[in-house]
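Both of the next two complexes hold chain A, though its partner changes from chain B to chain C.
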Partner chain A sequence: MAEEWYEKVGRIPRKVMYALTLIILIVPLFVSFALPVHISSETRIMYETIEKLRGTGKRVLFIACTIAAHWGEFYHMYFAIFQHIFLLENVKLIIVPVASPDAPALTWMALDAISNPLNKQYGVDYAVLTFLPDPTAAFASMAENFRATFTADLSGTPIDKLPVMEGVYTLSDFDVIITADVAAAAPQVARIFYPRFPDKTYFGLVLAGAVMMYLPFHGTVFKSALVGPRSAAEYQILYGGPYSGAVRQMDIYSAYHLFILIAIILGNIPFIARKISRRRK
Partner chain B sequence: MDVFEFLTTSLGAAVILGAFSLLFYKDNPWSRWTEYSIVGLGVGWGTVIATWTAVELCIKPLIAGDISKLVPLILGLLTYTQFSRRYRWAMRFPLALVSSAGLAIVLTGLPVSDFIVQLRAIAIPLTACSGFDLVNGIITIICVISVLSYFTFTHEHTGALGSFAKLGRIFMMLGFGAEFAMTVVSNCAHAIIVIVFLLKNWLHLL
Partner chain C sequence: MAWYRGVTPPLVLAIIVAFIILFSYFYPGTFVDQLSSTIVNWVIIIGALMIWTGLINLLRFSVREVRRKVPGRWYLALFQVCLIAVMLISGFGEGPGSTAKGAKTVIMWLYNNYYIWAELALAGLSGLWTVTAAYRAFRARSLEAFIFLLGAVFVLMRYAPVGGAIWIGFPIVGGWIIYQPFTAMLRALVIAGGIGIIAYAARFYMGKERQAFGMRG
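What follows is the complex of A and B.
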C-alpha cells in the first residue's frame, strides 16, 4: 500500500529540521527586515521607575544569580539595566552575586561591555560586593543586616572604603531591588525580603523558559520584569541606546517564531489527516 | 587578534561545533569531548569558587581572630565524616542544622508571600474594573475556581464539578503549553548567542 502524503510530512528527518532552524537563525543576521518592536507595558513600568531615579542619588540593588548556561538571554537584560543606570546622573548601583559561581564573572562581563559616558567610577557610583554561595542564607542575612553581610567587595576592598556604601545599612536604604535570575531567587525575594520590606520596589530579570517560576509573584511581590531578549530590546529602545545587539536580533526571533508556527502546523497535519481518514473508513 | 585570543575563540568554536555535531551526525568522540569538557570545567570552576568562598568568609576571619567562625568550619568538616562508616552519624548535625534553619527562614515569610499576597491578587474588585482589566479579572476568577475544582478529590467529578474540573484541566494545559513555548524561545536565545559567537568572534563575518 502506497504511503499517504501526510505520513511523509510527519516523517521529515530531524536533521532537516535542525538544518532549517540553523538557516532561519543565520539569515536574519545578514539580511535585516527591520520589523517594528512593540514596547510592552511591563517593560515601560520598569524603565519609568528607574528613569525617575535620575539625579536623586538613590540606590539600586542588583542581585545577580545567573548561571553561564543562561547567559544568552541574560546578557542583553544585564546590559540594558546597567547601561540605563550608567546613563543616569547620580544613581548608585550595588551588585551582589549570589548562588551561582558564574555570577561574579558574568556581572563583570556585562559591566565591561557597557559604555560609560558619565565616567561612573567603581567604588563611588557602583560596586560589586563579595559572592554569597547559599541563596537562602544570603537573602536572610541581607534582610537581617545588609551591612554586616558584606565585609568586602569582590576584589577584597573593605566596604568601609567604598564611598558608594556610605549610608547603606539595611535593605531600606535601597529604592529599587532587581533580581536576576528570578527563577532561582523569586521564592527567596518573596518569602524573605517582601514580608519585611513590602514597600520596596522589586523587579525581576526572568529567563523566558522559567517564566512560570516568576508568574505567581508577578504584580504581587514584583512590580514588573524583563523576560528574555525581547524585553531587553524593548528596554534598550526606551532609553535610546547604546544597544547590546538584542534589537538587531528581534528579526531572528520573528523569523524563528514563524518557522515554529509552520512546524507546529506541519506536525499536526498527519495527526489530523489520520483522524479524518480513520473516520472515513 | 593576538594568538591568545585566537586560541581561546577557536577553543570556544571547537566546543560549539562539537555540540552541534551531535545534532547533525550522531554521538561521536568530538561531541563526547565537548560534553566531558563542559562537565569537568563546571565542576572545577564550582570547586574553585566554593574553596575561595570558604577561605574568604570563614578561614580568613578565623585567622584574624573571629572565633565564631569555628562553628561553621567544624560543621562543614563534619560533612566529610560520610566517608567513614564509623563516624557517618556525625554528618547528621550539619545537615539537620542547614535544613532546619533553611526551613525556619522560609516558613516565616511563606504565609505572606504564598497565601496572603496570592489571595489578595485574586480578590479583584470587578466593579472597579473596565475593558480588558474586567475581562482579565473574570478569566482569573474562573481559572482559579476551575483549577481548584480539578484538585478536589473528595467528590466524584460529575455534573457541575466535573465540567469545572475539565475547564481547569484546559487552563492547566494552556499554562504548560505556554511554558513549553517559552522554553523553545529560551533555547533560541542560547542558539543565537553561539551562532553570533561563531560568525562574529571566530569567523569575523559580521
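What follows is the complex of A and C.
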C-alpha cells in the first residue's frame, strides 16, 4: 500500500530540519525583510522611567552578573541601557560587576562600543567598581554600606578620586537599580535590597529562556524587565539609536519564531490527518 | 545518643555566625550589625579564594586524565590545561590593570576573540535542537496536550517580534498566560521554596543539619 502523503510530512529527517533552520537563520542576514516590531508594554515602562531621569542629575546603579555564554542576548540589552543613559544629559551610571567573573570584561566590551562616541568621560559620567564574587554577600554588603563595600574601581583607582562617586554613600543615593542577569540575582534583590529600600525603582535584564526565574518578582519587586534581544531592539527603537544591530536582527528572530510555529504545525499534520482518515473509514 | 555528641566546633561556629546574621536584621546599627558586616566581607574574600579551589581541582582532574591517557578525552584535557596556563600567565604577567578599560593585553585579546565566541557557539547550538524538539514533541495527542500546545503557540508568538504585527491578540493572550496563570504558579513554587528554607534554617539552628560539614544529618 502506498504511503499516505501525511506520513511523509511526519518523518522529515533531523538533518533536513537542521538545514532548513540554518537557511532560515542565514537568509535574513543578507536580505532585509523589514518585518514590523511590536513594542511591548514592559519595554515601554522601562524606557519611560529612565527617560524621566533626563537632566535630573540622578544616578543609576547597574549590577552586572552576566556570563559569557549569554552575551549574545545580553550585549544588545547592555548596549541599549548604557546608550540610552549616556544620551540623557546629567544622568550618572555606576556599574558593579557581581558573581560572574566574566562580568567585568563584558561590561567593558559594551561600554567601549558606546561611551567614546558619545563623549562620556570615565569617572565623571560613569564608573565600573570592584568585582564582587559572591552574590549574596555582595548584595548584603551593598545594602549595609555601599560606600564601604568599595574602596576602588576595577582599575584600582580609589573611589574618592572618582567625581561620579561624590555623594554616593548608600543605596538610597540611587534612583534606579538595574540587575543583569536578573535570573541569577532576583532572589537577592527581593530578599536583601527591596525590604530595606522599597521606594527604589528596580528593573532587570533577563534571557528569554530564563524568564521564569524573574517572573515571580515581576510587578512586585521589579517594575519591569527587558527580555532578550527582542526587548533590546524595542528599547533601541524607542530612544532612536544609533543601534547595536539588535533591530536589524529582528528579521532573523521573527523568521526563526515563525519557523518553529511551522515545525509545530508540520509535526501535528500526520497526527491529525491519521485521526480524520480513521474516522472516515 | 545524647544530642551533644554530634556537636562539633565547626557546627557551633556556623550556628553562632548564622545567629549573628539573623539578629543583625532586627538590630540595625548595633554591635551585632557591625559584626555581621565584617562576616559578610569575609564571605566576599572567601568567595574569591573559592575560585582558586575550583581552579586547582580542575587542574588536578585534567592532569590526571592526561597522565592516564583517557581515550577520546586526554587531548581535550591537555588543551584545557594549556589554555588555563596561557590565561594565568598572561593575566598575572600583565598585572592588575590587564582587564581594565581599553587594555591591549593578551588576556583581553584571548577573552574577546576566543573565550566569548566559543561559549556563544556552544549556547547557539540550542537553536537547532529547539526546532526539531518543537517538530517532534509538540503533538496534540489529547485535549490537555492541545491546550498546552495552544498556550505554547501564543507565548511563542508573543516573544516573536513580528507576533503583535501579525495579530494583536498574540501579545495580549500570550502576556495574559505569562503574567497570570504562569506567574501565579511560579510564585507558589517560590513561596513553597521559602517555607522549605525556613524549615532548613530551623533544622540548622537546632544543629540537626550537618551535611555541609560532611556529616550525616
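Heads up, the rule we're going with is that the second predicted complex is superposed on the first by the 258 of 281 C-alpha atoms of A that agree within 3 Å, B and C clash if a C-alpha of one lies under 4 Å from a C-alpha of the other, contacts with A are read in each partner's own complex, and residues count from 1 in each chain.
We adopt the following convention: contacts are C-beta pairs under 8 Å (C-beta built on N, C-alpha and C of every residue); 3 or more make two chains touch, one makes a residue touch a chain.
What you see is a predicted model; the values in this text were computed from it and never measured.
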| item | value |
| --- | --- |
| First (chain B), second (chain C), both or neither touched by A:253 | both |
| Touched partner set for A:266, first chain B, second chain C, both or neither | second |
| Which of chain B and chain C A:12 touches, first, second, both or neither | second |
| First (chain B), second (chain C), both or neither touched by A:245 | first |
| More chain A residues in contact - chain B or chain C | C |
| Touched partner set for A:29, first chain B, second chain C, both or neither | first |
| First (chain B), second (chain C), both or neither touched by A:226 | neither |
| Partner chain(s) touched by A:140 [first = chain B, second = chain C, both, neither] | both |
| Touching partner for A:208 - first (chain B), second (chain C), both, neither | both |
| Partner chain(s) touched by A:109 [first = chain B, second = chain C, both, neither] | second |
| Where chain A meets both chain C and chain B, residue numbers | 18, 21-22, 25, 69-72, 101-102, 132-133, 136-137, 140, 156, 208, 211-212, 216, 219, 228, 253, 256-257, 260 |
| Touching residues (chain side chain C, partner chain A) in the complex | 33, 36-37, 40-41, 43-44, 46-48, 50-51, 96-97, 99-102, 108, 111-112, 115-116, 119-120, 122-124, 127-128, 130-132, 134-141, 149, 152-153, 156-157, 159-165, 171, 175, 178-179, 182-183, 186-187, 189-190 |
| Complex interface listing, chain B residues touching chain A | 23-24, 45-46, 48-50, 52-53, 56-57, 61, 101-102, 105-106, 108-110, 112-114, 117-118, 120-121, 175, 179, 182-196, 199, 206 |
| In the complex, chain A residues that touch chain C | 12, 14, 17-18, 20-22, 25, 35-38, 40-41, 67-72, 101-102, 104-106, 108-109, 111-112, 122, 128, 132-134, 136-138, 140-141, 144-145, 148, 154-156, 208, 211-212, 215-216, 218-219, 227-228, 230, 233-234, 250, 253-254, 256-261, 263-264, 266-268, 271-272 |
| Chain B partner contacts - residues on chain A that touch it in the complex | 15, 18-19, 21-22, 25-26, 29-30, 69-73, 75, 101-102, 130-133, 136-137, 140, 151-152, 156, 187-188, 190-192, 194-196, 207-212, 216-217, 219-221, 228-229, 245, 249, 252-253, 256-257, 260 |
